[in-house]
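This is the structure, below, for whatever I ask next.
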Amino acid sequence: MADHPYLQEAGAGFKDRYLTKVSEIIKEYKKDKGQIEGAGMIGAPLSKSSISHSGACLAPQTIRNALGAFTTYAIEEDIDISQVPLYDVGDVEMHMTDIAQSQQRIFETVTSIFRANPSWLPIVLGGDNSVSFPAIKAYAENKGTVGVIQFDAHHDVRNLEDGGPTNGTPFRSLLESKVIEGKNLVQVGIRDFSNSKTYRRYVEEQGGQIYTMKDVRERKITEILSEAMADLVSRVDSVYVSLDMDVVDQSQAPGCPAIGPGGMDTRELFEGISYLGSLKLVGGLEIVEIDPTVDIRDMTSRVAAHVILHFLKAKSICKAL
Amino acid sequence: MADHPYLQEAGAGFKDRYLTKVSEIIKEYKKDKGQIEGAGMIGAPLSKSSISHSGACLAPQTIRNALGAFTTYAIEEDIDISQVPLYDVGDVEMHMTDIAQSQQRIFETVTSIFRANPSWLPIVLGGDNSVSFPAIKAYAENKGTVGVIQFDAHHDVRNLEDGGPTNGTPFRSLLESKVIEGKNLVQVGIRDFSNSKTYRRYVEEQGGQIYTMKDVRERKITEILSEAMADLVSRVDSVYVSLDMDVVDQSQAPGCPAIGPGGMDTRELFEGISYLGSLKLVGGLEIVEIDPTVDIRDMTSRVAAHVILHFLKAKSICKAL
Amino acid sequence: MADHPYLQEAGAGFKDRYLTKVSEIIKEYKKDKGQIEGAGMIGAPLSKSSISHSGACLAPQTIRNALGAFTTYAIEEDIDISQVPLYDVGDVEMHMTDIAQSQQRIFETVTSIFRANPSWLPIVLGGDNSVSFPAIKAYAENKGTVGVIQFDAHHDVRNLEDGGPTNGTPFRSLLESKVIEGKNLVQVGIRDFSNSKTYRRYVEEQGGQIYTMKDVRERKITEILSEAMADLVSRVDSVYVSLDMDVVDQSQAPGCPAIGPGGMDTRELFEGISYLGSLKLVGGLEIVEIDPTVDIRDMTSRVAAHVILHFLKAKSICKAL
Amino acid sequence: MADHPYLQEAGAGFKDRYLTKVSEIIKEYKKDKGQIEGAGMIGAPLSKSSISHSGACLAPQTIRNALGAFTTYAIEEDIDISQVPLYDVGDVEMHMTDIAQSQQRIFETVTSIFRANPSWLPIVLGGDNSVSFPAIKAYAENKGTVGVIQFDAHHDVRNLEDGGPTNGTPFRSLLESKVIEGKNLVQVGIRDFSNSKTYRRYVEEQGGQIYTMKDVRERKITEILSEAMADLVSRVDSVYVSLDMDVVDQSQAPGCPAIGPGGMDTRELFEGISYLGSLKLVGGLEIVEIDPTVDIRDMTSRVAAHVILHFLKAKSICKAL
Amino acid sequence: MADHPYLQEAGAGFKDRYLTKVSEIIKEYKKDKGQIEGAGMIGAPLSKSSISHSGACLAPQTIRNALGAFTTYAIEEDIDISQVPLYDVGDVEMHMTDIAQSQQRIFETVTSIFRANPSWLPIVLGGDNSVSFPAIKAYAENKGTVGVIQFDAHHDVRNLEDGGPTNGTPFRSLLESKVIEGKNLVQVGIRDFSNSKTYRRYVEEQGGQIYTMKDVRERKITEILSEAMADLVSRVDSVYVSLDMDVVDQSQAPGCPAIGPGGMDTRELFEGISYLGSLKLVGGLEIVEIDPTVDIRDMTSRVAAHVILHFLKAKSICKAL
Amino acid sequence: MADHPYLQEAGAGFKDRYLTKVSEIIKEYKKDKGQIEGAGMIGAPLSKSSISHSGACLAPQTIRNALGAFTTYAIEEDIDISQVPLYDVGDVEMHMTDIAQSQQRIFETVTSIFRANPSWLPIVLGGDNSVSFPAIKAYAENKGTVGVIQFDAHHDVRNLEDGGPTNGTPFRSLLESKVIEGKNLVQVGIRDFSNSKTYRRYVEEQGGQIYTMKDVRERKITEILSEAMADLVSRVDSVYVSLDMDVVDQSQAPGCPAIGPGGMDTRELFEGISYLGSLKLVGGLEIVEIDPTVDIRDMTSRVAAHVILHFLKAKSICKAL
């Protein structure tokens, strides 16, 4: 537009030529332009499956927005992640009214992306926690035996008879359908007054490992996670990290449906994610249960963005385990 | 609790002995305690069927709360409606994940209430506009040939192929399933820049009568409605009033998903509802599309409460037609 | 993306194939793809020039968003405006710190667009009212003698000594620089307790015509405007409509910096805009002083969207005068 | 501060030398500096007396702020009220815990101001409606036989046994204590579903005159008020205007505790106030029941400010009756 | 309701049969159904006694709501408190306008509940801090010599001459009326820039023990509290815990009237409450100064709910001291 | 006002005679009433210079308000700062439209205040971070060689070609104009994903010292600062503390434009400020980047108030270094 030197694209903002926003390094995925080599975000905008009213279907966009506004430079380790591949694969299109069909579409789409892109490291952006079942099922079909590190205030193994697959049942579905074995499930950050003894027993009977907030308060998070990983390494082919953001204290992640006090500090969370991201065995990440309609200044989506960035930074200096 | 003279029920507020709150006259419906003779509210808390994210599932409770806080005395006509029966029938229980099943439950439940209570005058509290199809279908099965006066900014006759029965399709479903005939559908308050020519033509081809906001601005609302009723009276056994609250201007009904300027004034709405309520032929009312999560001080639910009260006042002095 | 049937572009929403959203008809302006024939919006995102703190720089995007979500069908006149050209020319890029330079860029950019597109009908999206000076100056250089119909609660002819060209001075600048003659300025909606006698006298001494809210309340708006146009038609080559949204009552346009009661009703505004849009002589429109950061659910931007749509509808059935 | 040319008082804003803000004409009342000749505002910041939780104690300051930001020029009549006296007398200091004592202090303070300033025209800024009893009692002791025009959605004649003098009882107290006679009380704007038949009958038995919202909708407000004044003029020495802001529709006065639809339009209110202010017989005004903690952008305080300004404008061109 | 299988009580939500919500274990207190054995909540909804405007009268309901939504299972200690008795005694009915009478009613009601239920462990839900005087006075009349552990940012020993018993004076009243002796008062969490030297000296002269936030930051909270309890055990018959929620940092308890930075962390608070709850000597708890009208998503009421739950958990495994 | 015992100044609140609010000790600066001896706040209400839309121009007043509501008594050290001088010098008057002129006025005004008050200890209240350049330049001209301790999540050394002196460039300007030498700049709290490698290298090449959040998390803040001060003491005549409030975590300082997780805890900040304030060498403080329009209950301004109070407390017990 040579004749109108000051005319810019509608809505364009300020650009500092010496600073790279994460928005600038995100590559759009086009199947006919080659495969994804590395991390790729995929939105699973489903929250009609939530037990209580939730706007988590809107989170893929608020997380993308929050992510895009941070920069690629990790000063603490003097690493610039601008060369680390980060694709935006798109969103799975939800059916307007058929939730089971929506969940099936998540499974099929994640599966088809893996088929076309064997090196893909998926970062699934929920949506509510119900997306974990189809996402992890597709992950497991591609990866072999899978272990899951689940950050959550809740077990999420509710019975399936009462209302079908909701955001309270994903790990029940995963265990009952044998997608993952109980001994390969590790739950971190489980909180007082937010669960039931029945479901705790269920997880334990399945062989699952539980670390409550008392463990998080009294031990270092990296110590907990390396203990868990040491246990998993001999049994699984790949580890998937599932982050329900309500594991964080309500004062730091106010935009989750089921907020409460007594949760994890973001310093603990970032340290844990950084540790896990640094391990070769860890090959997938999901972030769920952020409802932007009840958040404050998208704070909770900003926490999600830092989780992704710490994960990518760690991936860029990956250790074996 | 004679020993504790100042102890009251938790949450109880101030009671003026000379003033009756509507909350005091609402009767809970108990099947084994006799039939409903007159108006009875039933909640249809479904909004997972909405095209855009909606919290309309929460409206039955906010409307009940707003209603309960007004009084029974209609000073303009010097009528106290405290002897006019008003039941709270309850809510239809929604399925967590199967929307078609939820809609079916609304149909079955309205049907079963009618079977047990032939004199019931239903007041359906949505939920989104998708509840109109099962509600009106059940109404028609009980009443015979039905006419519908639909207050709405939108036609709501979207095609059904793209995403199934949503809050954009109820009147399409009603027409295609022959629950109501096109000539017995009257749409009032249809607004500029909120519809398509295709859907307008569809309504007209079906024989439906359309009054746009231009008609509302230029003619008296009672003149419009009496013209419509004069036309319906010879053809139908009963008339059902469907009120999508977004027919009202955004400044007066800010809590609807699809707000915009150019809408109806509440004075016009109350006058229209009072006219319709005064006619014997009018036997049902629904109020849909209020999303309390985006409302301001429950203003829109308070408008809904006044609609119900004006309707009841008019019913108490019912004219033949 | 044949292999991933449910994968859609990130953030894509529901599409009804029989309904056209205004977002679908807006053409992006590309100079090398031919000229603009008809209306074209241009954003002037400047509010650092405001006397009080204002976020009006964000309004071009919220107006675009609001506009895009309405449909092209004007049911009141049975006109579909989807064939009426509507371009999005883009935003003028503001300097970060040099406000005079930003205003100069508005002038230069509007001028250069006119040079390349002689048939352009500009719709300028502010920004604050300070953008009116450079925008109208550029308009006048292209059109000849210009008359302005200014909807505003305020005269906006503050003295220029105290703080330079602000959102309180645009019409002073236009008059003093002889861009428009006083007798060709018509102010509509001027409000009690919001102005000074000095500035009223100034406008009158310049020959300007003032219609206060008393006139608006007591006469029909179309009568006022046709009186004003009858006066202008013999003297000017073109008429530009300047809409400061604070002319509307605070209950209907809550997102303006200087809100108050006693303002115009949107019914009056839309009727006035529709009348003006229908006249061939009217060749430009601007909407200023919407601050989305203090608005409620973008209500005020939605009013702006309807203003644009009524203007386009009227243009599509243009009368001579 | 000659050495620091750009140093201004902390918080000082922009000053236009040709425009007078109302804040500039308000005179602080200092007893030893002479008497008040004309209007004087006095704050009665009491809302602990409210039946429901209310922040109306904060309204005197938000009304003052809103008032101060408007200008002195009434363009509709070409009158500048900058020479009309407007004093700020201050606030009555409330007792922290003894509500009866607070009400007594309002009575004593208004009385003592009148004693020292016989020409005072009081403008009482509530506070909740309970302040009307002590304020009007003091007014009547000074003025003789008093008539009251009460704008209110509610009668406010609740029984006094249940909870003592609250914001629901002021007119009961005034009638029972014979401060005003029933036939000298005129209630305007009384609303459907907000009152009880018992209290309506009580007002009528006392001889009071009631105009409901139906009267307001169907007749001109000035016609109603001149009818009422014609009746009062022969019987009373002075008329006091009591404005409970909840008489206005909830969309235009959202910041009142007891909001609802079906209320008065501000155009009707301003016309009524202007008419009353223009009469010599009208000698006092109070504005109550604005709770700034639930208001939106102080809209309701801005309406109050315009009420005061229209009242002063009318006073400046006072007619006999 | 056998004929309407999907009809549920209005407003009923989802029920997981393997999980117990606290709302399910709360027993309503009915005097004729036996005595309270254990903890029982009683609401003291008084905040008209606050120095600044406060909505703390609304907190008993928001705390109950928050409490009811958590579950009974304390996973950290593998304890289910569903067998721990928790009664809801109700609210003390406040007088509308007589604050002293309201405070007297709190005293009389707590006293009468104790008389009828000698084993009652009271949990008093304020209300503002002024309720502490009547509540603790009633407690002491029943229990003998009482010690108080007061968590608070402030001393709350203001002089009583200036405004009577407010939320700033409860401990002054308790000391001056000899309800508790100074040496039996322990203040924890007293904060910089929130108090005066005069009042600190007063507490010290009375023999009270003060732990500031510096102590909390530099020592473990359990160390502080066991030091305090070791001192009290020989002198008192019972210890009452008074929690003014503003002792917590503003970022974690945003819904208190007097918020500020530099406060206690909820981890510290929960640890302290758990320690105190585990001691037999501790026989009462109150939570005051939560104003839900300024809170964010009821976060502060959720903190209160966890305080109660930690207290009950500790009580269920009570140690002697 | 002896005759009206309960009449108080409009808006006056409750006064406890034994407690001193900070508002009571702030002295207004009047040049002709003698010099400032000690700390004096000066507002620099400029945020039109911000890259993104910012209301930081409003922060001087919200910080003053927050400060005024705390008390003078520092209980942790048993120090009452009511005798410590604290002046309010006023605000620098900003030009409406010429930002470079506004920045120049800050420089000239700070300079002229120093000239008239050689013992002045400036506390500059921004405004955005762009005010640091003129403020520190004026400080340095008065003090000689200056060192700066900058608390900030960001380096703020953006290039100056792209958009002129903004809130992203102040330290670039200071270094390039040789106002401060690179080796005398210490940046504390620099955060991951918020900066670029280019700008980090720039700071290092200039000789600046950088402490990232990793340092803050892993070392004590006083250890970091005493290391930095030990380095500076031999080279500089005075040290100025620059606090960009976004150094604090978003959960504790939510009212900054560029919020994010991973920031400093207020306990760390207050400890650091207290240490610095205790050193004689430290002679100035500024607080910038608080935008009250996006804050929650002015929490961030309250943090700023505690920063000032901790600084003054430390100054009152000043150590040499």
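Think of it as A, B, C, D, E and F in the order they're written, each chain with its own count starting at 1.
Assume a residue touches a chain if its C-beta (ideal position, glycine included) is under 8 Å from a C-beta of that chain, and two chains touch if they have at least 3 such contacts.
Values in this document were obtained by computation on a predicted structure and should not be read as measured data.
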Reference interface B-C: repeating pair among A-C, A-E or A-B with over half of contacts shared: A-E
Chain A and chain D: spacing of chain centres that average the CA atoms, whole Å: 58
Rounded Å distance, chain C centre to chain F centre (Cα mean): 41
CA centroid of chain D to CA centroid of chain F, Å: 45
Chain C, residues touching no fewer than two other chains: 14, 51, 96, 162-163, 251, 296
Chain-level touch network, classified as line, ring, star, complete or other: other
Which chain pairs touch, all of them: A-B, A-C, A-E, A-F, B-C, B-D, B-E, C-D, C-F, D-E, D-F, E-F
For the chain E and chain D complex, residues of the former touching the latter: 47-49, 51, 53, 55, 57-58, 95-100, 130, 162-166, 293
Touching residues on chain B, where the partner in the complex is chain E: 1-4, 6-12, 14, 31, 43, 60-61, 64, 88-93, 96, 105, 108-109, 112-113, 115-116
Chain C residues within the chain D interface of the complex: 51-52, 158-159, 162-163, 168, 190-200, 210, 212-214, 217, 249-251, 254, 259-262, 294, 296
Residues of chain B defined as touching chain D within the complex: 13-20, 22, 70-76, 78, 80, 251-252, 266-267, 270, 296-297, 299, 302-303, 305-306, 309-310, 313
